[in-house]
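The two complexes that follow have chain A in common; it is paired with chain B in the first and with chain C in the second.
Coming up: the complex of A and B.
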């Protein structure tokens, strides 16, 4: 049994509203092993991005972390001072956001931005930092690093910008990278390039990664294990092959079957899940998925199913799907 | 235009002109501009759904606007079949964002009743209200929803309202521009199924625009693939996926990651999308095409037709039915 690099237990995030306190993340627990890619998948409002932001303490009011522990390589992150946390962000934890235009500073050259990160976290400066920055520009696949070094973000295409964001996330040799929808803003042909780059760099550096996305295709190609979030709770955590071939939670199966795929032979009608995910503060009593679930029974409405481990999977469901069904 | 044709586009182009400076205007020089849609010819037959796919900047939304009459083409002709009285068919559009395409100060009844009133399809308050109720039920909402406002609904429900509003005009032709791109997967499936049922029951002819090949495969009878303003291939849906003729189609199909976890290879298309304002010479895809030869750089490929009722623009007659045929190009690292 390996010790997880990142261990998140009972992470709870609430939103203070005039009308009262609403729970956005409800006791979310998962871990990321060293060198592993953990996919976090869910629909909008499931709490994927809040999970990522809560780990690096980037929640903006009215969002507030109100419970749970976050441990990175044996050290508690949730009790760190804001100053100590600043050193973790961009240092031991790198992050990649969805929109490469807003995550780069438009008035600073990309070379300077890389150097800033390297200088702040690796305690080097001057020519050495510049040399490392140039190496990173090359490693992420941009031609003529010397020219790119002096360019501003607006002079690059969306795909190139996202490459720079990846370089920024990795240049301080982080132990963990949190990538929040890294390819959602990109076209398919560019998306495949960025995924390939992330995979190559991940293999070289053995950095652990949390890959947050709504795209099951991206998950299938990139993740080792997958956590499925629904209405601020973990529905299921499974190894990627099992998740797609033998999902245990009815929501996981519903999500997979609702996704159109190019080679779904002759199968024209998509399976649909009735209804929609409950909005914030409108979570029904019991299992959050119960109003949409085809396996719902009385106990699902009475209590929240706990996250139970069985074999290699963990799921929050009183009536999980049998392995052979899917 | 033959008997079954509903809509034909004949060498349609649209150029977005760049703003000219004062001197340029005085000298009356040609400022050039972006050819957003370039020489597209397309036929939509009665009762058929034609899908258009492509990446950003390929001109698919511009084409939708041209067909809907919101913009006039720079050159070429768009013609609809006229009925016995010489009237063009009624058309309606469904847009991507169900949040910005509904007026938040109007009730659902006001929104859905508007096309009925404009086109005078029902007379009298009671008859209009009855029709609104009927439409709400048809799209899976309830008549009680008529009193509510758009903000009381989720994204998927709003898109249902948009569909009801489009149907209220009793269109013969429907233009759908990325109707499910703003929706989550589980809701997208509901809307796609609803649209399919409506197409079948109401015998609608439609143009379905999306960037998602998997979605268009479910929805369309025929699919057109666009790249930098050009229609590079057009074929019946099954044929397009079974045997694509244009390298771009093949690469686009492979580039989208599927849910197969046993084969985790990725298939990027070499290079990046060129700026549509300065498309490459010759075949516009040659900068990224693994099969490109000298002729592709210099000569615009002719439009060829296939025996399976498709057309494509490529100098070569490639068999691309198998994904493994595509050679790994020099600057694409394989997994």
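Coming up: the complex of A and C.
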């Protein structure tokens, strides 16, 4: 078995509120292999973005990481000093933000933002940094790099801006890229282009990727393995093929069936999961999914099912679906 | 850019025209220049002659155009109080006020801007909270109270600085300056400090709020996610985003300092436009009041114009909003 590039164990994040401490991420564990794309899916509020931010220590108060270990290529990240962490951010882990309209500094040119990022991590500056910045503008598919270099974000379209966001995340050659809903804020036609670009860049550079999204279509196109989050816990981690064809966790199956997917005969199947995901601090005892689960039994209400591995999958369920059923 | 500049300049002229009209109405309608200019035993003929000479029998539009024409030729009329040309009075007093405003603005920039940035970057630090506490006092204390307190402490108790006047003034022909002598500098410290107290406190609070707001924004988070140093994030990426409102404010403050130095000038017997204005009000010297009004309007409009012409250099998005 290969050594994972990123290994996250029992990651716990809490929110300090006046009313008390609420758990936002409850012992989340997963790993990302070198060169692999791990999809992270879940509904809004399941903890996807918090997971991404917690890895590079970018949580904003009142969110706080309170437990777990994060290891990148054998080195613990959770115990690093702020200064050492700064070198990891952008340098070894690139982060692609969601909304290109707000994530670029409006009063600093594209070129300056790229050069600053390159100079922060690679021991280079001046003309060399500028040359690299121009190369990146070209690599992410913008015409006339010289012109774009001097432009401000407001002079670019949403899709072009997201390309710049991607260039900014990748320009210091990180080993891992965390993409937090990279296409959610874009038009559908632009989404396809951005996904294609990300796939091309991933193939060229062999970087690992954590792709956070609520869009199973994006997962199907991009991911090798998928971690499903539910109410701040990992429900299931499976290779992408098995996830869609033979999900083990009842929630995973519900999530897939709730996505409109036309069949060959033109029929569209669409099921709903009854109820809603529990809000923060309202997680029921036992398995968080038990009030909505069709396979619920007494033990589901009594204890939190641990993440158990079986064959190529891992799931947190006392009564997993058998492969034949799905 | 040219369109932008032209539209700003045109706006400035329109506003100035309106201000002049209001000032003109003031001169034309308040008080009776005839009683002021005629002797008590003037005959009806003399009275009619004067009315004709002053053009008071003309329709109001013609009189306004005449008034404007005179303004453009530098003829601002005669002071009722001293019978001097208003232009001469204003020009005599202007250097004192401009120098006071300049030193106040300097204090505002040198003290307010660094303190505001410190408070914005470290809003929860002990020193930051201390600055905020002090600035609350600066905002709430009325100008004349600050002036009197400063006089009580530095002039009366410690005897360090003079409490009135401009010190030794050097006449450069077109300009009489107090900034070439030690006593001039000593004299300007207290009034300038008084005048800048509010401005300093205001700039601190505004910079702090702006920086805290920008610090929360997504692009600053992204900059942090790219591993840029905190210094670069705050002092380049965040501050550039706060420049627009801050420069606007500083510009308006400079206008305020010049226009409303009335109180401080009075407390420190500063021989500037503010004291002239007060004397004119007490004597119902309408022509001087009217010209002072136009002057203040002019100052505001010119500063505003300069500030607005600076905008596109700081934030290119301004030009796009125009089109």
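Observations, loosely collected:
By our rule, the second predicted complex is superposed on the first by the 318 of 326 C-alpha atoms of A that agree within 3 Å, B and C clash if a C-alpha of one lies under 4 Å from a C-alpha of the other, contacts with A are read in each partner's own complex, and residues count from 1 in each chain.
We adopt the following convention: contacts are C-beta pairs under 8 Å (C-beta built on N, C-alpha and C of every residue); 3 or more make two chains touch, one makes a residue touch a chain.
Keep in mind that this is a model prediction, so the values were computed, not measured.
Of the two partner chains placed by superposition, A:295 touches none, neither chain B nor chain C. In the superposition on chain A, A:89 contacts chain C only, with no contact to chain B. With both structures placed on the common chain, the touch criterion links A:319 to neither chain B nor chain C. With both structures placed on the common chain, the touch criterion links A:64 to neither chain B nor chain C.
Applying the stated contact rule after C-alpha superposition, one finds that A:260 touches chain B and leaves chain C untouched. Look at A:117: by the touch rule set out above, it reaches chain C but stays clear of chain B. By the touch criterion defined above, A:157 lies against chain B but remains apart from chain C after alignment on the C-alpha atoms of chain A. Residue overlap on chain A between the chain B contacts of one complex and the chain C contacts of the other is empty.
Across the interface of their complex, chain C is touched by residues 56, 58, 60, 86-91, 94-95, 97, 99, 102-108, 113, 116-117, 120-121, 152, 154-155, 165, 168-169, 172 of chain A.
Those residues of chain C whose C-beta lies close enough to touch chain A in the complex are 216-229, 232, 236-237, 240-241, 243, 314-317, 320.
Taken in their complex, chain A has these residues touching chain B: 43-44, 157, 159-160, 187-193, 195-196, 199-200, 214-218, 220-222, 240-241, 244-245, 254-256, 258-264, 268-274, 276-277, 279. Contact residues of chain B toward chain A in the complex are 55-56, 154-157, 184-190, 192-193, 196, 211-215, 217-218, 241, 251-253, 255-262, 264, 266-269, 272-273, 288, 332-333, 335.
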